[in-house]
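Every chain is named by a letter (A, B, C, D, E, F, G, H, I and J) in the order it is written, and numbering of its residues begins at 1.
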Amino acid sequence: MSSTTHKPTILSNLPPIFSMLHEAKTKAGLTFEQLAQKIGRDEWYVAAIFYGQAKPDKQDIERLSQSLDVRINYLDEGLGDNFFPHRGLGEFPPQDPVLYRLYEVLVVYGYPLKHMIHEKFGDGIMSAIDFEGHVDKIEDPKGDRE
Amino acid sequence: MSSTTHKPTILSNLPPIFSMLHEAKTKAGLTFEQLAQKIGRDEWYVAAIFYGQAKPDKQDIERLSQSLDVRINYLDEGLGDNFFPHRGLGEFPPQDPVLYRLYEVLVVYGYPLKHMIHEKFGDGIMSAIDFEGHVDKIEDPKGDRE
Amino acid sequence: MSSTTHKPTILSNLPPIFSMLHEAKTKAGLTFEQLAQKIGRDEWYVAAIFYGQAKPDKQDIERLSQSLDVRINYLDEGLGDNFFPHRGLGEFPPQDPVLYRLYEVLVVYGYPLKHMIHEKFGDGIMSAIDFEGHVDKIEDPKGDRE
Amino acid sequence: MSSTTHKPTILSNLPPIFSMLHEAKTKAGLTFEQLAQKIGRDEWYVAAIFYGQAKPDKQDIERLSQSLDVRINYLDEGLGDNFFPHRGLGEFPPQDPVLYRLYEVLVVYGYPLKHMIHEKFGDGIMSAIDFEGHVDKIEDPKGDRE
Amino acid sequence: MSSTTHKPTILSNLPPIFSMLHEAKTKAGLTFEQLAQKIGRDEWYVAAIFYGQAKPDKQDIERLSQSLDVRINYLDEGLGDNFFPHRGLGEFPPQDPVLYRLYEVLVVYGYPLKHMIHEKFGDGIMSAIDFEGHVDKIEDPKGDRE
Amino acid sequence: MSSTTHKPTILSNLPPIFSMLHEAKTKAGLTFEQLAQKIGRDEWYVAAIFYGQAKPDKQDIERLSQSLDVRINYLDEGLGDNFFPHRGLGEFPPQDPVLYRLYEVLVVYGYPLKHMIHEKFGDGIMSAIDFEGHVDKIEDPKGDRE
Amino acid sequence: MSSTTHKPTILSNLPPIFSMLHEAKTKAGLTFEQLAQKIGRDEWYVAAIFYGQAKPDKQDIERLSQSLDVRINYLDEGLGDNFFPHRGLGEFPPQDPVLYRLYEVLVVYGYPLKHMIHEKFGDGIMSAIDFEGHVDKIEDPKGDRE
Amino acid sequence: MSSTTHKPTILSNLPPIFSMLHEAKTKAGLTFEQLAQKIGRDEWYVAAIFYGQAKPDKQDIERLSQSLDVRINYLDEGLGDNFFPHRGLGEFPPQDPVLYRLYEVLVVYGYPLKHMIHEKFGDGIMSAIDFEGHVDKIEDPKGDRE
Amino acid sequence: MSSTTHKPTILSNLPPIFSMLHEAKTKAGLTFEQLAQKIGRDEWYVAAIFYGQAKPDKQDIERLSQSLDVRINYLDEGLGDNFFPHRGLGEFPPQDPVLYRLYEVLVVYGYPLKHMIHEKFGDGIMSAIDFEGHVDKIEDPKGDRE
Amino acid sequence: MSSTTHKPTILSNLPPIFSMLHEAKTKAGLTFEQLAQKIGRDEWYVAAIFYGQAKPDKQDIERLSQSLDVRINYLDEGLGDNFFPHRGLGEFPPQDPVLYRLYEVLVVYGYPLKHMIHEKFGDGIMSAIDFEGHVDKIEDPKGDRE
């Protein structure tokens, strides 16, 4: 199995530990959601680890090592004490339509959103420290767009 | 009451109908949420109308006229048949911290997010047509940050 | 009727003749398609005149004057011999979703498109001189997205 | 045959599976139109696959493997379940005249176009999900420009 | 006394309440430090109010009104309940040398700084909510640079 | 121990001497603060050396060689007489939240800050020559944000 | 005759003397070529004066005054001793197709052109001081593109 | 004498005191060099005052008032205690050829220059505090370029 | 002869066929003008081929092969049927003074030029299809600038 | 002696001949000033050669070969007849403080400077052809800033 063919381009800008993680996950046939359940963590957080945007703690590294069958010293060296995430990836504004749609929500609704936040919470900012995100499939009563 | 002192700067880049709407809302002492309940619409959608990012239909205009005590022909002329939203406001990346925090979520979590979307929905895009947004106050068990 | 409330923002960056044209068209209750039929011209071309992106000839000016009930010397002065279009309006990349979707087609399909053009026409360029565009409503067998 | 000399520069920014596809297509002596007929797909869609901008399904991969004489497990690994397109290629605004001419249509006619769309379809956006494109040679009664 | 001659250019991009505040402060002959002591607030915070970057509460407004001899309803209307700061002013990177020097510290020492923060605090971010700043004159043993 | 896995991406844009320094520091298990004490220098300054933003003198090089167990001629060749720092690293505005928060302080408080500096020091600039920085942990009476 | 309707937008960014010149030229019914012959100057140079990109000398001002029937003291005040051109107008890259085509020649042929210049003139630069330009109609044996 | 016709465009972005200064200087028929001699200051410094880039002290203001016949309270109000320069004007890179030539020297010779500075002064920076500039006419033995 | 030392940097961004062409031309000791005469083509066109900006036809390839002593199958593979130029090279605005001078002509004279073109040719655009360029040495009666 | 450790980053973007020159100069222990004296040239000009920004003539190459003990055919191949400088290096605005200080002089004093040049030389430009630069150490009566 060639490691160069199936990794998304962004990975080539990250240290090789991340390509290794993606390959191991592919081999193990796990989605982020399944992997998250296995290691007892949030799906969003696990996906962030795989792109170098979150820092796993000692227990995360042990469980990733077991779930993905990767030698723990590889993970320790690349994601352990000496690793700290340098956050922010790739280009902005994003050209990919999936990412652009999310960006567009801010471009179009940014001011109304700020105004609503002001009315509900007063003058303040959303704490990036307490940020939590989820991706859920919500059935649209109109059905999917095929 | 001087109309120039208390309108946020972005309004000065929009046609005067929008400043008039904001002033009427201030006078009526209504939040977007209260106004939305009065006219039977989504709060997000009502806030978007106030910044020229959504187009009210005939019934919306009638109810806005009643709720805000603004003459209907003013609203009709500015927001009626001949009006169509030119969407997208102000600067990007945003300098205001409230908006930047939301933008930062995409900068940091864009790739993991796309990967999760791919795993859950396959190769597709979020339809901007079916987009719905809400701003809710969710109690953080750790409490607010004072 | 106040002339400032219902004109799209882009018009405020153009000489006043264009706002006058839009107001007259609104008053006459004509769409670009109807106006185009009245003056015997392409709809796209007529819409371009209204944004200063095309130059009407003498006959166009006469017929616009009649169809819109605008004094011909106003049109002559603003759109006649001494007028030449300075083409290109507003911001790019566009923030408005309608325009962005068209732009995105190029961002995503630009290379495949160039390759197909190469295979069909050899190494060449589309002549901007012979460019013609049309906006037609084509029924999607899947129906509209409500 | 050296694989580095005849591939357009953009391919060197994509995973090697795409260079392999282009070389196989060159060897097979097929245009996108011919290949599209062989695999029962739209020409635009096939060209998009060759630049990583569309995702082939299982049947597409089988037929590409047969038509281009490429081992199916190569295609499976690079374009199969673990592949998802990261869309958007290269620089914008484009410097290449073929692509710039298309971009220029939007720069010059963007606002008139939006206005026409508004008049015909109301306030809405073109669904990128339902997008279909074609490149056809239409005879210009004035003849080609030699 | 003409109000247009002596206000820094940035004020002309802010609502007129802020020019009024600066003029009143000039007339009262107070520095931010003196004004801060009078109203029982941090100097940094008071300066931020004068540029629309912080929101005074009810007591601040009362004390500002007394200290600067400005009618309270003017301040209430412009800085009260309906006001919320849209933060972020002017150009970046800054051209003014005073601001550029501060910016340059980040350009040059950004990575070392992040690394030190990581070593001391682990992977985290400085909370913008708890941010406090002070400008103090510290005697340089080498003396001032005349 | 592979030298490619655990170095932050920015190091790959710097000459290899800096990766070697980081690896030696990791091996020695020293923080910048500890290393700074060992060589009798400021922590900020030592961190800056490790990212090529400051130039060590002869004594610094000797002590770094001893503390990190690196052969002195390697350090001499890479950081000695023929080396001069080309300052300024990476992208601006920074995408990483730790760096962005610091940048944001300037975006939001730049003008008030300049005004306070003016009131305290008159019209002048902070001398970059005399710049000194420190990173200290100050206990927040409200406690840390977990 | 309203002076605001028929002046190209760029003029509104220049001091009013230039709008006055354009109006006088329109009234006199002269092209730049005809005006250039009247005042004994190069056409390119005269057109540059009308956009504030060249500085007329005393004799030019006298002759412009006579040819365009403008009072000489107006021209003296605006274009005389105290005037010096601040060169460079409008946006770049240009969006207008006429200007973009010229720009594109450089984008596409810049390197070949520099190489040819090198082969013919050695390593040097075109002197902007000795620059002369002409716009001539050269018959294309293939005829015009209608 | 109309005050709008002969002031360079940049002045319209500065407070009106600066236009008043330029007009007074024009009326007095003085060059910066002559004015500098009259008030006992450096020519460069005086020119900088006229564009809001330097701050005159009390004596400068008195002498400017006498030399230019401007009422001292105008100057005091606009340039006195409450004035502090916000430095940095206009666009960069500059489009005007005079300014671009100076900028180009840095673009082309920046690295060699830094290297020479390093060899002569060691690792350091030019102090902007001690900066002094002069514009002198030096005879070129080859003569002027006519 | 090392192929890396004497090729201009831009070539390293193009497929290797172009470096090979430049080396063969250097070896043959021919200028573009001489080579153009040998193969019966325009000098500008030949130089464009050498930078991938024009596509040679079959006869051009044969004659290039003979004149430069390069095996025809190399040229066929790299510049033949499967090659299509992706036009546009390098950075804009250009930093190199030779290219910048040409660019500056457009920055300074763009509007006057468009106005002259309008007066001579009406509202139209220069056809990029019919574009022809030449580089000729014209004796300046004032002599060269040594 | 490893050639990768001690070359400034900018050299890695230039052909290898320039790294070779820098290494030879380091080995010979010469400053640009000393080397300039050896080969009878201006220091500025010699430094420019070392960064590919100036083109040495035949005699320069001979003398460089002797002074630096580099084989002449290496220099001939890389800097001889087939070499022509592509001028302009690296990023702008520069992040390095040494270069930024020089850039800042233009940002702050650009307009006053242009005005002084206008008063002394009339409307003209500094000829880049006749440009000469020098770096001299001038004693500041206030002493150095330690």
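FYI, a contact is a pair of C-beta atoms (placed from the backbone, for glycine too) under 8 Å apart; a residue touches a chain by one contact, two chains touch by 3 or more.
These figures come from a predicted structure and were not determined experimentally.
Asker: Steps needed, at minimum, to get from chain E to chain G via touching chains?
Answerer: 2
Asker: Matching over half of the contact pairs by residue number, can you pick out the copy of the A-B interface from B-D, F-H or G-I?
Answerer: Repeat interface, by the over-half criterion: G-I.
Asker: Going by the touch criterion at the top, tell me which pair is linked by more C-beta contacts: A-D or A-C.
Answerer: A-D
Asker: What angle, rounded to the nearest 5°, describes the rotation that places the Cα atoms of chain D on chain J?
Answerer: 145
Asker: Give, as an integer number of Å, the spacing between the C-alpha centres of chain E and chain A.
Answerer: 36
Asker: Could you please state the distance in Å, as a whole number, between where the Cα atoms of chain E are centred and where those of chain F are centred?
Answerer: 28
Asker: If you average the CA atoms of chain D and of chain E, how far apart do the two points sit, in angstrom?
Answerer: The mean C-alpha positions of chain D and chain E differ by 52 Å.
Asker: Counting only residues that touch at least 2 other chains, which ones in chain I make the list?
Answerer: 8, 10, 84, 86-89, 92-98, 104, 107-108, 114-115, 124-125, 127-130, 142, 145
Asker: Taking all chains into account, which pairs touch?
Answerer: Between chains, contact exists in these pairs: A-B, A-C, A-D, A-E, A-F, B-C, B-D, B-E, B-F, C-D, C-G, C-I, D-G, D-I, E-F, E-H, E-J, F-H, F-J, G-H, G-I, G-J, H-I, H-J, I-J.
Asker: Going by the contact rule at the top, pick out the chain G residues touching chain C in the complex.
Answerer: So the residues of chain G touching chain C come out as 1-2, 4-10, 26, 94-98, 145.
Asker: In the complex, go through chain C and note every residue touching chain D.
Answerer: Interface residues on chain C, with respect to chain D: 8, 10, 31-33, 43-44, 47-48, 50-51, 53, 87-90, 92-94, 96-99, 101-117, 119-121, 124-128, 130-131, 133, 135, 137, 140, 142, 145.
Asker: Can you list the chain G residues touching chain H in their complex?
Answerer: Going through chain G, the ones touching chain H are 13-17, 74, 77-78, 82-84, 86-89, 92, 127-130.
Asker: Along chain B, where are the residues that touch chain F in the complex?
Answerer: 93, 95, 97, 100, 104, 107-108, 142, 145-146
Asker: If you look only at chain E, which of its residues touch chain A in the complex?
Answerer: 55, 84-86, 114-115, 118, 123-125, 127-129
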